[in-house]
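Labels run A, B and C following the written order; every chain starts at residue 1.
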Amino acid sequence: MVRVLIDRLVGALVVLCVMVAAIPVLVLFLYVIIKGLPGILTPGFFTQSPHPQGVPGGGVLNAIIGTLEIVGIGSLLAVPVGALIGIFLSEYGRNQLGDTVRFISDVLTGLPSIAFGIFGYTVVVLTTHHYSALAASIALAVLMLPVILRATETALLLVPNALREAGLALGAPRWRVTLEIVVPAALGGIVTGALLAMARAAGETAPLLFTTLGNDIVQTNPLQPMGALALTVFRNALVPYPNLQDQAWAAALLLVIMVAATNILARVYVRRIQR
Amino acid sequence: MSRGTAERVVPTPLVAASRQRRLVSGDRLFRVIAYGAAGLIILIAAIFVIALVVPALPAITKFGLGFFTSRVWDPVRNQFGALAPIYGTLVTSAIALVIAFPIGLGAALFLADDARLQLLRGPLSFLIELLAGIPSVVIGLWAFFTLTPLMRDKVDPFLSHILGFLPLFKGTASGYGFLTAGLVLGIMVLPIMIALSRDVIRAVPRELREASLALGATNAETTWSVILPYARVGITGAVLLSLGRALGETIAVTMVIGNTMQISASLFATGYTLPSVIANEFTEANGNLYLGSLFYLGVVLVLITIVVNVLARLLIWRFSGSARAAA
Amino acid sequence: MKRVLAALSVGASILLAACGGSNTGTGGSPSATAGTPVPPAAALQGTGATFPAPFYDAARFAYNLKYSQVTVNYNPLGSGAGISALTKKVVDFGASDVPMNATELTAAGGADAVVQIASTLGTESLAYNLSGVASGQLKLTPKTIAGIFLGTIKNWNDPALAADNRGVSLPNQAISVVHRSDGSGTTYIFTDYLSTVSADWKSKVGKGKSVSWPVGQGAKGNEAVATTVKQTPGAIGYVELAYVIQTNMTQASLQNHDGSFVIPSPEGATAAASQFLAINPTQFSIVDAPGKTSAPISGYSWLMLYKDQADKTKGTALVDYLDWLVTDGQQYAVNVHYSKLPANIVKDDIISLKTVTSGGSTLLNVPAPS
């Protein structure tokens, strides 16, 4: 009898645990939506850069363009390289070199994000004597690399060997088999990996702190400091001006929407490809 | 054979040979590119190490291992010690695990294979995964504006009232500090803990579970006596990976830790963590020793994170290996 | 209501003063006011003090409306960061509330390599969060301020505080001290003040951009100190005046050198500055100034740049901007609760700016001040 009671109790406890685990995300979403909507719906939020105190209006145009450009350039660097490494790992990587690469990739995934900021600073900012969006892009590229490479390798490994053998049997050289048969078959996984990596990069703040520094003006030159949504959220959270704090919440909502949209896009794309 | 896949033209021997050479050299080129890419990531890792360690050398040579036992952090007198941020990092991570381990394990048990409430499993799983995707700065924003006043006004006084005799809960709470930061970290590592534990629990062979139930054990008893002991190694790995994540979390913690270089027994006190010090003071550090000390903190942080992560993966790999063997 | 009016008037004055430049600055008409030169196109980058940040922000916005070819990006990260960034040559100009000291100058290439000019005059408040105690009601003396920040006065109902505040009911609540966590010129000015008025503070803590605070939690930048104080009941922190007024915070009345209790204001800062006429980068302190209306915790803020500019175009734009900042730009300071620079300081600044060269030739094309 007692045993049954304990069983029920543990059963209930376990359900409680999962409910408790699901609460933070709901609360978070609720707050970000409620506090962020007023800011997003203010006219000028998407079309203006921040105004100084006393000048009404202002928005986060500089940050939106900044995030898109910084993550864009970072992806241009990370996706091809990451995909190539993934191809290497699945096609040529059943050896010690491959294991080393996998180990390095695993280590990089676990590193604190601030380490990438330090990397970007030392390698780019100090050598070019300039804070720049490029430094941030490079830092984010290194951050995205392991994610993309792992996703590519996994996707390629899922492609049945029969496909490869068929291509080779028909006389195609190995590189053509890989590029024209295997990779297209694995494209869903690769694109998903890339999208998820980009979503993560867009939300990162620490690598941006001392690379791109931030900019209150719209800037498209990657060799100059640029603003970013994550920076806007971080810095505006700590200023005492209510309108800037509203912008922080609104920028946070925007970030969450962007990240969620990218995740959903990735899933939809995979489902489409799998058909 | 040098025919292309779609061509039906019969090439002359000379043309065939040169085509074959071209195709083979295409292969060789591709191979070079692929190996080159692999070499690139190794190069990046090497540069990473150099970029982190070389600027830290002035501090490493000056302070050596004494860096880890000194509480002093004085940019004016150029004396630096890592004890305070190391303490903060360990305390907040410990709190995070104390919160995330039981809740995460419980949630994982439910999500792994609980027969009840099947319909809820999908959405709940999805919700928890979503949490992992929320940017750290957004969680920090929420923690700064919403969680901190809640802690200060409701939770901390409550804890002080009930457990105030413990040195852990002495003093007045400002809402910022170790406890709040630990709580935020706990929330952030929950998804990883749950996802990994769920996979570990799922990997336990069904036969063991069914055998136990067939012998008359209840679900709870099966979990306690059969599944958990079997999955022990894997779950430890999950805990360690969550720890690794907690150790390196920067932004959300920086917003609520209180930015004070101090060691205090009370969880209500404000403090500092390794990543937070670096994030806050990096841009203004002037002078090789100050900057070097920050880099030294970075080296320490990266080393701890690598060790924990590698250990975690070893455990999980060993567990999944043995589980596969037993299946 | 008052705040809305103030905001609108600032906004209106910025827009009016920019002589018809559009918001997006489509090739704005460079109608140069007498003396301020038209700059070449450039993107200027500066970082540093948070103390003058509201002024710099208003100024760069107005300057860009006037001369759309010049954008100035200023990131307030703290005085320490400003000096550090300039030394590493990753910015065009640095900003700090305390000029570079000998060590910092040596690291930057020597005292002759750097030009330092005073850009604005401000004053610090002690902002607090006590329900029921309105702004100005709380009276603080040098002794009580030192006591609070040393940790010897721990509670709001401490007898030392009650003695100065008869008639004000101070609650039984622990004092939460908030100070800066980053290298800060604001901290320098504040600790300079405390070292001047309290021998105890001077021996135990001293003055500096970063000190070993006996008590309290740290926040990064003036803004974060203000936000933390606003959010934490029972908190007190030292914040530049602009932040306090712009966000309607409650601040204390401070007893100055002459014994009168003043509420920090731009006029108080001007009064304090008038007591110290010989100001230069090695002698710049104006804390604890005599004078009935002087605000006790006041200070200049400084901008520093390299005397030899590598890029001629950028260097020209930089000195042009700075020349405008200390002359016509000063009107924007007043709108955001800073004080205009005294005339003699402006003169010194222009003389200093005229020493900036690139490839041997002077960049600033204005007549030498008489």
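Side notes on the structure shown:
Everything that follows uses one rule, which is that contacts are C-beta pairs under 8 Å (C-beta built on N, C-alpha and C of every residue); 3 or more make two chains touch, one makes a residue touch a chain.
Just so it is clear, the model here is predicted, and its values are computed rather than measured.
Two chain pairs, A-B and B-C, are weighed by contacting C-beta pairs, with A-B ahead. Each chain's centre was taken as the mean of its CA atoms, and the one lying most distant from chain A is C. Chain A and chain C have centres, each the mean of its CA atoms, that are 38 Å apart. One finds 16 Å separating the Cα centroids of chain A and chain B. Chain B and chain C, compared by their mean Cα positions, are separated by 40 Å.
Looking at chain B, residues 145, 283 sit in touch with two or more other chains. Annotation for chain C: residues touching 2 or more other chains are 47, 219-220. Multi-chain contact residues of chain A (touching two or more other chains): 238.
Those residues of chain A that touch chain B in the complex are listed here as 3-4, 6-7, 9-11, 13-18, 20-22, 24-28, 31-32, 35, 81, 84-85, 87-89, 91-93, 97-98, 100-101, 104-108, 110-115, 117-119, 121-123, 142, 145, 149, 167, 170-176, 178-179, 199-200, 202-206, 209-210, 230, 233-234, 237-238, 245, 248-249, 252, 255-256, 259-260, 263.
Remark: chain C residues 47, 77-85, 87, 103-104, 107, 174, 176, 181-183, 206, 208-213, 216-220, 228, 231-232, 235 touch chain B in the complex.
Chain A makes touch with chain C in their complex at residues 48, 51-56, 125-126, 129-131, 213-217, 219, 221, 224-225, 238-242.
Note for the complex: chain B touches chain C at residues 74-76, 145, 148-149, 152, 172, 174-177, 258-260, 270, 280-281, 283-287. Across the complex, chain B meets chain A through its residues 1-5, 23-24, 26-27, 29-31, 33-35, 37-38, 40-42, 44-45, 47-48, 51-52, 55, 102-107, 109-111, 114, 116-117, 124, 127-128, 130-131, 133-142, 144-146, 187, 190, 194, 218-221, 223, 241, 244-245, 247-251, 255, 275, 278-279, 282-283, 295, 298, 301-302, 305-306, 308-310, 313.
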